[in-house]
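Please go over the structures that come below.
Paired with subunit B in one complex and with subunit C in the other, subunit A is shared by the two complexes that follow.
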Partner chain A sequence: MWRYFGRKLLIYLFTLVAAVTVNWMIPRFMPGDPVQSRLARASLQSPEASAAMAEYYRGVFGLDVPVWQQYLNFWGSLLRGDLGTSMWLFPRPVTEILAGAVPYSLALLVPAILLSWYAGNKLGAAAARGRWLDNTVLPLGYLLTAMPYMWLALLLAWSLGIVAGLFPVAGAYGFGLQPSWSLAFAASLAAHWFLPFLSLFLVALGGWAIGMRNLIIYELESDYASYLQSLGAPRRLVRRYAFRNAMLPQITGLAVQLGTIVAGSLLTEIVFGYPGIGYLILQAIRNQDYFLLQGAFLFIVIGVLLANFVVDLVYVLVDPRVRVQMQGGAA
Partner chain B sequence: MTRPPDEPAAGPAGAPAPAGHPAGRRTAPVRGAHFALRNRKLVGGLSVVLLLLLMGAAAPLLTGQPPNAEVGPPNQPPSARHWFGTTNFGQDVFAQFVYGLRSTFLVGALGGGIAALVGMAVGFVAGYRGGVVDEVLNMITNVVLVLPSLAVLLIAAAYLDDRGVAVQSFFIGLTSWPWAARAVRAQTLSLSSRDFVDLARLSGTRTAGVIVREIAPNMSSYLFMTFILLFGGAVLAAAGLDFVGFGPTDGVSLGLMMHNAVNWGALQLGMWWWFVPPGLGITAIVGAMYIMNVGLDEVFNPRLREM
Partner chain C sequence: MALQVSDLRVHYRTVRGDVRALDGVTFALADGEITGLAGESGSGKTTLGKSLVRLDGRMRHVGGRVELDGRELPIGDSARMDRFRFHEVSVIPQYAMSALNPTRRIGTMVRELLRSRGIGHRAVRPELERRLRLVGLAPEVLDRYPIELSGGMKQRVVMVLSTLLDPALLVADEVTSALDVSTQRAVAEALVEFRDRGYVRSMIVVTHDLSLVYQIADSIMVMYGGRLAEKAPADALVTAPRHPYTRRLLAALPEPGVRHEDKRLAGIPGGPPELLDPPAGCRFRARCPLADDRCAEQPPFTEVAPAHFVACWKAG
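So, the complex of A and B:
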């Protein structure tokens, strides 16, 4: 079973290397010269100034050494936690800016992922083979999964925020407040948190419900379910066994969907101006802040990898067959 | 940002048994058409998709003006003259919508198509060859699967000076194939030990020949459904990319409309007609395709039919 973890870790290591390599390669090997395009955007008049700027950018990108050395330098500074300096919030380091945004992103993501997974599974399990519930949950589930994250966010912001005026729709707390440990601040924080959370929760909910419904139907067709039924086991008991078996693929599914949900959270944050990583990405794009953008990319990749690893751990804990193997018994 | 809602490999109800039944091959299409026409999910989903496709194709006929032209007073709610109202710049939202549908379908077909091709190639080879080839391809698949694709797309788009729909589709296709490869690989594995595959191999057919002539035809319905899911995923990915601000530099798309709406304060000004239609269009296309897929599944897999 340690082989299983070794394999997983190897995949994550490869993924990290691939991500860092992509991050390093794209500015260097994309068509067009990043230095030139930056100069063009700065639209300088005098040739001396643009020559000086070109020199500066070449130094910043480390383009004045051989390619293989550039790659090693890139890793070196990365391992020291140095992701460069932001141009938008000059001269703050990118790592520091991103670290400040991570708590907001996590505050949205963790509850939204866990609650939608839990609620979606329960809903899907209840809907399976239930005439009335199935006919509502299934179409609704497909509708929700087909929605672009930002559109649902826009609809919620407009209906509950602007028209009904129930919730604020911009920022993480009121403009007149300073972060502090006061009740007023906490209330403002919660009010600003609710809508982005709700929209993430709802889009993810549909997919889990559909997946669980299909899995339960499949489980109920299997031999052990028919056997239990023919013994006269109560319906609830059979369903409970089916649910426990269907949980495992859903946990694997959670690992697969993590990247998508994180991407969705970026879009949702942008709609609500919620100061997480997604909002920083928008600002980075608007302000041509490439170091911030690339730093955000690495943060996201590392976050997704860590979360994947947690899911792997949970899977081992939940699956009794794997657990037995871990304890040295023969499965 | 691919979002296979019920990735065929995971949802057993979405896994049609790719049974090769040489007998009855002639009558199968006829019977298939019979069940296809009677399936409400398939017919309903297909009608929505075709209607929107027609609207996109007939865009110049439906609206007299180019999508980005200033044609009326800014900031108007929907009226008889401007069906979906106008933007802050006096552009007709309906014109932008019908032209935007074009790029949405294009991105779906191209991006989904590229992803399907890569996924199929990787899945077939990995499943059929096995051994070291399988190990390596599997590793690559897992790496790309874990990478959050929107983040990769953002980085790639940031360094492109002019972005078109084709380039966008290319990158979306290159990042969204892994789950398809996994699904195809699993199906190929189960097929490649069948007698008719062994027979083809014994009679000296090459790997490519066995895959194209023996394995692929026996899971064609599965491949088609995989493509539909990839299509939907590509549409959503493109919409997200456009929304962040990396839309096509020339032209319109539904995601770009939402980007502009948010950028120019449609939310605060209460201009719902600016951001509701594009999102609704995307939801309708993708949702209809997913429903269509469920219908197709029932047509191809008799055990799922509601009798």
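So, the complex of A and C:
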């Protein structure tokens, strides 16, 4: 058992190192020079002044040493929990900016993903049961899944936000408010949260429902289901077994979803102007902010790995076949 | 008569029309009789076996009756049939290796199955353990998951589970096909033992292995193209087959002591008939060396000697 987890941990560690390295490389090998763009913003007249400024910024961002040393310095500060200084929001540190954005992303995505997963599975299982429900859930599911997310989000913002005026369409809270522990602020937060949440929920729901429906139908056709029915087992028992077994691939799917949690929110946060990680990524790319981009990606990488590790653990609990392999039994 | 099947017709529904997999099958099975059901792929033998226990979604009961101990089995009505399944009729499926839910301990699955049928698990448990020991399994297999058992072990678990309530009729579908030769023998002998101990009253052993079924069966039925060609006591069928198809089938089997270097085994030329739109008359006509004009009319399945039934004009 410990050998199994030890091996898994080692693989995750390797993945982390590789991902962080790629993560460090990507912004540095992108075209464009962030120091130049900062100088352009300052619009200095004299070449001496701009040379001095460039020198200063290179020093601040650690770009004045050879590339290999930049890489080592990067790991060093990473291990100290220092992700560098943002270029876009200079001179705020990246960790502080991320810490401000992460709660918004998590509060949006975790409920949306978990609830759509839960509801989608229930809906799909119910659809596999009845012809009438199947004939409504299936086309609806395909419609939701096939719909470009941008379009759905804009449709929701337009219909419920602008035409019906039920919900605000931009920001995380009202412009006139400051974050505080007041009821008014909480209400504003919830109202702003609802539309982005709904769009994410709806778009994922269809996929889960279709997946579950197909998996259940497949399980109901399987040999163990036929055998139980040959022995006169009631539908209830057969369905319970089928549902449990069909959940296994869905759990893997959930892990992948949870992993892409941050990247997945990019479009939502842009459409609804929601100040999460996705919104930061967009701004970081626009402003060639190496450090912010690195920090945001690091967050995604860690999210993916953590989610996968949790699912590995859950699998051990729910699938005896994994447990058997772990104890060195025959596959 | 334990089982009486009269003119049973079961078709498969397809988009191109009905496939007549069972097209008028009539036979009887005595108490305690083990009958082998042989035939080539697509002859309808598995369909016949399934029809007696559970029709799958594509199968349709078109006509004919099945009676077990004088009571009609509602084979076309799955819900009403549930009462008979497990208690009266049971099956060891072709896919015994994958018949157990992979994510449940075997004991848990058995308990949940028994409870769902309203049978007290406690009352049955000692008998279950006794029978597992009988087939050479420790009762501890009940605490295992199917993945922890070998194919042969799973086969035996299914065998014990299917016959746990002492059904009057057991359909054993290709139970030996996926096993190696030594295990085949053990499984075949266990089937006979189950009958001798009264765990199962009568048995239909579906197989394409005539030589194996000859060793355990009291009688053998040969199917061809959705109909019975011949049914006879095992010895009579093997030593004095009457139907030309049975004769050719037996001629295609290797004999012990005969070297096949210089004598090639005889096959049966041609292929089985298309059951979507079967030809009129005797189904074997196109491949039969004895066929003549009379065979354009379907021959009746008649008793030509005591307990020896043949569907052939030339058999009389």
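Observations on the structure shown:
The definition used in the following text is that the second predicted complex is superposed on the first by the 263 of 331 C-alpha atoms of A that agree within 3 Å, B and C clash if a C-alpha of one lies under 4 Å from a C-alpha of the other, contacts with A are read in each partner's own complex, and residues count from 1 in each chain.
In this text, a contact is a pair of C-beta atoms (placed from the backbone, for glycine too) under 8 Å apart; a residue touches a chain by one contact, two chains touch by 3 or more.
On a predicted model such as this, the values are computed, not experimentally measured, just so you know.
When both complexes are overlaid on chain A, the residue A:223 reaches subunit C alone and has no touch with subunit B. Of the two partner chains, subunit B is the only one touched by A:19; subunit C is not. Shared-chain residue A:194: touches no atom of subunit B or subunit C. Touch counts on subunit A: comparing subunit C and subunit B, the chain ahead is B.
Touch criterion met: A:154 reaches subunit B, while subunit C stays clear of it.
Contacts of A:244 after superposition: subunit C is touched, whereas subunit B is not reached. When the two complexes are overlaid on their common chain A, residue A:210 makes contact with subunit B while staying clear of subunit C. In the superposition on chain A, A:282 contacts subunit B only, with no contact to subunit C. With both structures placed on the common chain, the touch criterion links A:320 to subunit C but leaves subunit B unconnected.
In the overlay built on the shared chain, the residue A:142 is in contact with subunit B alone; subunit C does not reach it. When the two complexes are superposed on chain A, none of the residues of subunit A touches both subunit B and subunit C. Considering their complex, residues 222-224, 226-234, 236-237, 241, 244-245, 248, 318-321, 324, 329-331 of subunit A touch subunit C.
Those residues of subunit B that touch subunit A in the complex are listed here as 1-3, 5-7, 10-14, 139, 142-152, 154-156, 158-161, 179, 232, 236, 239-240, 243-246, 255, 258, 261-262, 267-268, 270, 272, 275-276, 278-280, 282-287, 289-291, 294. By the touch criterion given at the top, residues 53-54, 56, 81-87, 90-91, 93, 95, 98-105, 112-113, 116-117, 145, 147-148, 158, 161-162 of subunit C touch subunit A in their complex.
Residues of subunit A that touch subunit B in their complex: 10-12, 14-15, 18-19, 22-23, 26-27, 30-32, 34, 37, 139, 141-143, 145-152, 154-155, 157-158, 162-163, 169, 206-207, 210-211, 214-215, 217-218, 249, 252-253, 256-260, 262-264, 266-267, 270-271, 281-282, 285-286, 290, 293-294, 296-297, 300-301, 304-305, 308.
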